[in-house]
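Across the two complexes that follow, subunit A remains constant while its partner is subunit B and subsequently subunit C.
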Partner chain A sequence: MNTSVIVTGFGVTAPNGLGTRDYWSATLAGRSGIDRVSRFDAGRYPSRLAGEVSGFAAADHLPSRLLPQTDHMTRLALVAAELALADANVSPGDADSYGMGVVTASSAGGFEFGQRELQNLWRHGSRHVSAYQSFAWFYAVNTGQISIRHGMRGPSGVVVTDQAGGLDTVAQARRLIRKGTDLVLAGGVDGSICPWGWVAQMAGGRLSRCDDPGRAYLPFDARAAGHVPGEGGAILVLEDAEAAARRGAGPGYGEIAGYGTAFDPRPGSGGAPALPRAMELAVRDAGLSPGDIDVVFADGAAVPALDRIEADAITAMFGAGRVPVTVPKTMTGRLYAGGAALDLATALLCLRDGVIPPTINVTPEAAYGLDLVTRRPRTAPVRTALIVARGEGGFNSAMVVRRPDDE
Partner chain B sequence: MNRRVVITGIGVMAPGGIGTKEFWELLSDGRTATRRISLFDPAQFRSQVAAEIDFAPEEHGLTAREVRRMDRAAQLAVVAARQALEDSGIDFDRMNPHRTGVTIGSAVGATMGLEEEYRVVSDDGREWLVDHRYSVPHLYGYLVPSSFAAEVAWAVGAEGPVALVSAGCTSGIDSVGHAVELIREGSADVMVAGAADAPISPITAACFDAIKATTPRNDDPEHASRPFDDSRNGFVLGEGAAVLVLEELTAARRRGAHIRAEIAGYATRSNAFHMTGLRPDGKEMAEAIRAALDEARLDAGDVDYVNAHGSGTKQNDRHETAAFKRSLGAHAYEVPISSIKSMIGHSLGAIGSIEIAASALAIENDLVPPTANLRHPDPECDLDYVPITAREWRTETVLTVGSGFGGFQSAMVLTNPDRRDR
Partner chain C sequence: MSQESTATPRMTAEDLLGILRTCAGVADDIVLDDKALDTDFGSLGYDSIALLEVTANLERTFHVDLDDDAIKASDTPRDVISMINSR
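Showing the complex of A and B:
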């Protein structure tokens, strides 16, 4: 019998809201965090919009000694972790330190920090490189810093699966909890909004070149032409349901009921996309059938060929127009390793309040056959949600969450 | 019910050891592959020594396109994966791709490719607003190193769970540990698992210079890596990859596979102390060792050989010695311990998988590789580190450990599977 793993808290750092309350009210109101890039002068680049966490002053949240040794995205991650623990009412100091782990997703590490040090090296010479470069930019930095800050000495790690990472880390956390760790902080907070990161992201060929925040990221729309990148994400507190009950934590936001992952066939091989398989694995792992799923949080690539694959996967599993589908990341942009973790937190809020947040700006292309929740939030009894995430290169993951009283 | 996981194929790309045979000969002979850096001009750096691979990717069957789009670390991973596949004797065309997965570990990803491309788009650091018109199409694959795992998946035809695992210098152990777990839980039947790093680049050299982690013994590169020696003064940067084919034991036996070793236990812990510093008591590494032995259902006294992290920094070797004493008790003084980093340097995230390969080969050959260059032991490192010469030694159970920036401490236990059946 497998242990039930529940989410007892989370912390959100999103372009349209820092902290769960601000984020959720903005999301239900359809308020977007996408705007012109402010962190550097993007005027010379073909893509100029981003979802930045505005109004974030790291010094308000973190001790000053951490500032010189951390990249912007690590500061956001540290804040998200702290918010998550507070939300779950956990004081790590009170618990067995080996019973708590940290698993985060990463895509590019602390890239802005890295750009500065590369510049120091090539412009001024090797002696000008920061002593913090050895860890401030690498992929394991957020896990390391969070574990140190909160004294968590249990099994920890980092998963890099491009934009599917936010779900893969939560799956890994569930695995660790099933093997005996009581509590794991998991998720992703990411972002590389600096000139060097921007150019590297543009090379992926999926960034929108539109200058109008209301038209730049339009998944499942006939006008879809790429996405807007963003920064931020979410860190979640996952616990063994019994251990959580022992500490009097209550049922939490919901259970991580199912997970599946599958990798696409080699490009050019002509094989079928693996996304449907990841979704089926997740639903089956939850012990459910497609009819039990009340809402789908779609990946929403906004690249026509990819939107087609996802829409086909959804209609094949549920039937055309048979399940509400939403893409709240239309309000934040794609947060790379943070995106799917934020979608998961959003899905849990949707379960809690029985309201599906909207996909903004999009006029659904009818040929996709989706019941896309647009314009306004939709009230509905939501017991379960399926979250879908894809990463460049062929990564496909899906996760099912279930409301606590729906066991 | 309990699915046991075994190694049925090994591929290694190590300095001085391309392929398993050459790699094992180097270790058995106690030869070193450390030398003055040739991959770039190291004149301005404090440490000018590294363990490099003489690697021509075209000679290993990579096409011009593959060479162009893959960072050196990804190239090493793909070559090692193909070796492992061949070694396993599995007919991959008859495998179920959905039940085959990939995990690749890497600490620093495509750092070489990123630095080369950075130099171009920034005009050698002159421009903060770097020029996108000079960037290459595969730059996104350098930005996000899950591209390494994707390349290996394409090379072997895997369509099951695929991921890159990155926990600093324990990545190579954690990647294989993750793969073992996926087979045990039933998410995959075959995993192609390992790690790769190619960090011998100016930016990596500069960042280790800045914290004096690498050795400045530039006048004697062949003897620069001196784990547990009193004169040690830092590690020697290395590069490489090792990839293993992992299978469920009964399936491996059914197809008559050559089983190299069983992975019987794995655990990782964090020190929650410092991103680069270690507390001298070795407590968290000891905890990881104990947990890995527990999972393997073995006692400290069952360990026949310890493949140490042994990086050759002042703090690591003492930290680790303390961890062995704490976890193995009196047996710590009896069991042979050695660091192959004395010969092939420290290839960051890759080394953990390379050391797993060495551990499996130690079991297969009943031979413990030596710690080269260990002539004057640090009085605080007072265990048996098998100095200079390899030792013929009945080896059925090996403990291999790693310690990494970020505070990660990992341990893995490998056994001769026949032993466990007896």
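Showing the complex of A and C:
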């Protein structure tokens, strides 16, 4: 019998809400955080919308010591981690610092910081480059900063699998806990809304060029034409259920019941997409069958060929229209390494409250055969949720979470 | 690299404390005032990278060349003020 791993807390920094309460009320109300890019002048770029965490003043949340050495997305990650620990009622200083680890996902690192320092280098010379450039741009920086700030010296790491990363870190945390670590912070907070990050994302060819926030990101819609990028994500506290009980923590939000991951075949090789296999592995790992799954949080690429692959995977597993499907990231944009971590937190809130948040703006394309929850939230008895995430480059991951009282 | 002025301004305590605040911030339990001038940088919460950042800023502001290890964690702000002003 494997150790049961539960989520005892999480912190959210999302474009439509800073902190879990604001995020969840906005998400149930269908309130979007997607708008014109404000962080730089995107007027002459082909894509001009983003999901930005608005109203975030880092100095209100972090000690001044951390400001000169952190990129914007690291500041958001530090806030998410602090909120997560508070939510779980954990003070790392009280416990064995080697019994607590940190695993975060990253797609790019601190691009805004890096761009500024490269500009300093070429405009002014090497003496003008910040010494903090030595780590602030680095993709592992969030793990390091969270670990240092909270004195968490247990097994740690970083996972770089684009949008799948949020789930892959939680799977890695579960492995570490099963090997004997009591508590691991996992998840992802990401974002590179700056010219350097923007052109890199444009090169991927999947950014929407629509200027209307209500029509720019439409997964599973006949009008789907790419996604809107965003920033933010979630950090979660994962614990050995028995260790959590020993310290008097409650049952938590839910159990990480199953996980599966599979890599796509080489493009052009004619091999079948690996997404169905990742989903099957996750459900099997949870000891469940598809009929036991109450809701699917879809990846929702909003690229027609990718929507088709995901819809086919869902209907093959469950039957057409047989399971509610939702894409709340229509309200935030795709958050890269932060996206699936936020979906996981959202799925746990859905389990807690028995309400499935909506997919906004989308008119479902009937040919996909999905029961997409649109317009308003749907009340439903939800005991289990399947979260699906794909990263550019062939990553496919899926995770099953189960209510704490559902054995 | 161009310099706007070749005259070397004298550095005041307030100059240095301002540079510390800008380049490296202030730790939660530290008050960065005149009393801190005789406390070593390590005790003020500044690590080697913070001191490297401060060193680069001093070079740019006061038009001096300093080695990367010119400021050590065992030095105090007053040590740095006299080092810069003796050049």
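Here, the second predicted complex is superposed on the first by the 407 of 407 C-alpha atoms of A that agree within 3 Å, B and C clash if a C-alpha of one lies under 4 Å from a C-alpha of the other, contacts with A are read in each partner's own complex, and residues count from 1 in each chain.
By definition in this document, a residue touches a chain if its C-beta (ideal position, glycine included) is under 8 Å from a C-beta of that chain, and two chains touch if they have at least 3 such contacts.
A quick note: this is a predicted structure, and the numbers were derived from the prediction, not measured.
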Touching partner for A:79 - first (subunit B), second (subunit C), both, neither: neither
First (subunit B), second (subunit C), both or neither touched by A:63: second
Which of subunit B and subunit C A:139 touches, first, second, both or neither: first
First, second, both or neither for A:131, with subunit B first and subunit C second: both
Partner chain(s) touched by A:263 [first = subunit B, second = subunit C, both, neither]: first
Subunit A positions touched by subunit B in one structure and by subunit C in the second: 69, 124-125, 127, 129-131, 134
Complex contact set, residues of subunit C against subunit A: 1, 21-28, 45, 49-50, 52-53, 56, 59-60
Complex contacts: residues of subunit A adjacent to subunit C: 63-69, 124-125, 127-132, 134
Touching residues (chain side subunit A, partner subunit B) in the complex: 40-41, 44-46, 69, 97-98, 101-102, 106-109, 111, 114-115, 117-127, 129-131, 133-135, 138-141, 143-145, 147-148, 150-162, 165, 168, 172, 175, 192, 195-205, 261-267, 271, 274, 277, 336, 391-395
In the complex, subunit B residues that touch subunit A: 44-46, 97-98, 101-102, 106-109, 114-115, 118-119, 121-122, 124-126, 128-132, 135-147, 149-150, 153-154, 157-168, 171, 174, 178, 181, 185, 202-203, 205-211, 213, 267-276, 284, 287, 404-408
